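Each remark here refers to the structure printed beneath this line.
For reference, chains read A, B, C and D in written order, and residue numbers begin at 1 within each chain.
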Amino acid sequence: MKLVYFAWVRERIGLAEETVEPPAEVRSVEDLLGWLKGRGPNYDSALAAPEVIRVAIDHEHVDHADPIGAAREVALFPPMTGG
Amino acid sequence: MKLVYFAWVRERIGLAEETVEPPAEVRSVEDLLGWLKGRGPNYDSALAAPEVIRVAIDHEHVDHADPIGAAREVALFPPMTGG
Amino acid sequence: MAPEPVVPLVRILAGRIEMAAEIAALSGSGAVGGVVTFSGYCRDEGGRLEALELEHYPGMAEREIERIAAQAAERWPLTGCHVLHRYGLVKPGEEIVFVGCASAHRQAAFEAASFLMDYLKTRAPFWKREHLKDGTTGGWVESKDTDSAAADRWHRL
Amino acid sequence: MAPEPVVPLVRILAGRIEMAAEIAALSGSGAVGGVVTFSGYCRDEGGRLEALELEHYPGMAEREIERIAAQAAERWPLTGCHVLHRYGLVKPGEEIVFVGCASAHRQAAFEAASFLMDYLKTRAPFWKREHLKDGTTGGWVESKDTDSAAADRWHRL
């Protein structure tokens, strides 16, 4: 599964993208955020308040309760400030 | 008192403007429309349905019940279709 | 204290409206958040129309639009407000009217521009007449009840 | 039967937006009644700002805006719908975003453009960061609760 990060999520994690293989018990977006948070202080800092993190799966917005399913690309980013 | 006419009011009366001296009992806009209507078939045709005629006194919209007062210029025209 | 309302720019003109220049002037300074514009066009009426003729009341047209624009500038926090309206002959596809409102708050700019258009339609002394391609002069365009209703809704807010 | 919704034009670009050309394309044909545009600008923040940097999610930005624009074209009777959004460095006074909606019904054009802006603000994957004149990189611009509230109101209609 490819993960992509934007804005301060990208800066705090220190990566623009990476490929991960989460364990089988990581089923929902929420699970994924929790699992990532435990991967090191940079992840912990980026995901300290997971409720503000927005997530898109394969270019579509999803809720934290949604399943990850067969996602190819999961994006994590702060609330958007375009327009 | 100067009268000015626009659009089909102007066409039916056959004048763009004229100066008139209505009698003293013509006090309101409604009175003026009634008095004008009796001045000939062209006025009668233009003012056949006086309720649709819009009136401005000295460049400000007025109601038919408003007094004419010391109007210098009274304009008669159909509902507007600008914009 | 609320800042002074901006002084609107109102122009009644026979020639074309240079919209790019108007928008540039409204966005100008680096202090503007957003600009909403409305531009109204002459339709070709299925190819029948040669031109629209716009008659106006020269003394009153500018004053009435200035009054309406001043109301918009009082009611919404605008940093710019331009209203331009043409008279004379307008060809299909050409613009008839341009309204532009600049504000730090986009909703204010949207509402002010919409308000201005509703009031222009019902209060600005302009009348449209059709000139047809077959050489005849068509009738005067009739006013729409929907325009009066659109203007009335601003009283209810 | 309602006519097919118009296919919106969406463009994500690094360069300037040519607004006059967009408006001309929207008003084009002689069949258009009115065009409403919104353009959003980079403010100078009292002279402190050198530029705004706009980061975006390349794959998703275009798709998400296309989804929002398609919704607008379904919901309102538009004859044209253009949405252009810049990324990269934007200087104070320059435009960031342009939305243009053409319709025979001016209220439809106003509502569609306003809806598009509310949704762009809350759903299009773009993030702004300030670059200051003193050479430092300022913070990421925070999202506004008022923008979420503005987007939510379209559910209630």
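Observations, loosely collected:
The definition used in the following text is that a contact is a pair of C-beta atoms (placed from the backbone, for glycine too) under 8 Å apart; a residue touches a chain by one contact, two chains touch by 3 or more.
Treat the numbers as computed from the prediction; the structure is a model and nothing was measured.
In the assembly without chain D, touching between the remaining chains defines the groups A | B, C. Counting hops only between chains that touch, chain B reaches chain D in a minimum of 2. At the far end from chain C, in terms of centres built from Cα atoms, lies A. With centres defined as mean CA coordinates, chain D is found 26 Å away from chain A.
Chain A and chain C have Cα centroids separated by 48 Å. Averaged C-alpha coordinates put the centre of chain C at 23 Å from the centre of chain D. Annotation for chain D: residues 40, 117 touch two or more other chains.
Applying the touch definition to all chain combinations yields A-D, B-C, C-D. Taken in their complex, chain B has these residues touching chain C: 4, 6-8, 56, 59-61, 73, 75, 77-83. Listed in rising order, the residues of chain D touching chain A in the complex are 40, 54-57, 59-60, 63-64, 85, 96-97, 117, 120-129, 140-143. Taken together, the chain D residues at the contact with chain C in this complex read 19-20, 23, 27-44, 92-93, 95, 106-107, 109-110, 113-114, 117, 150.
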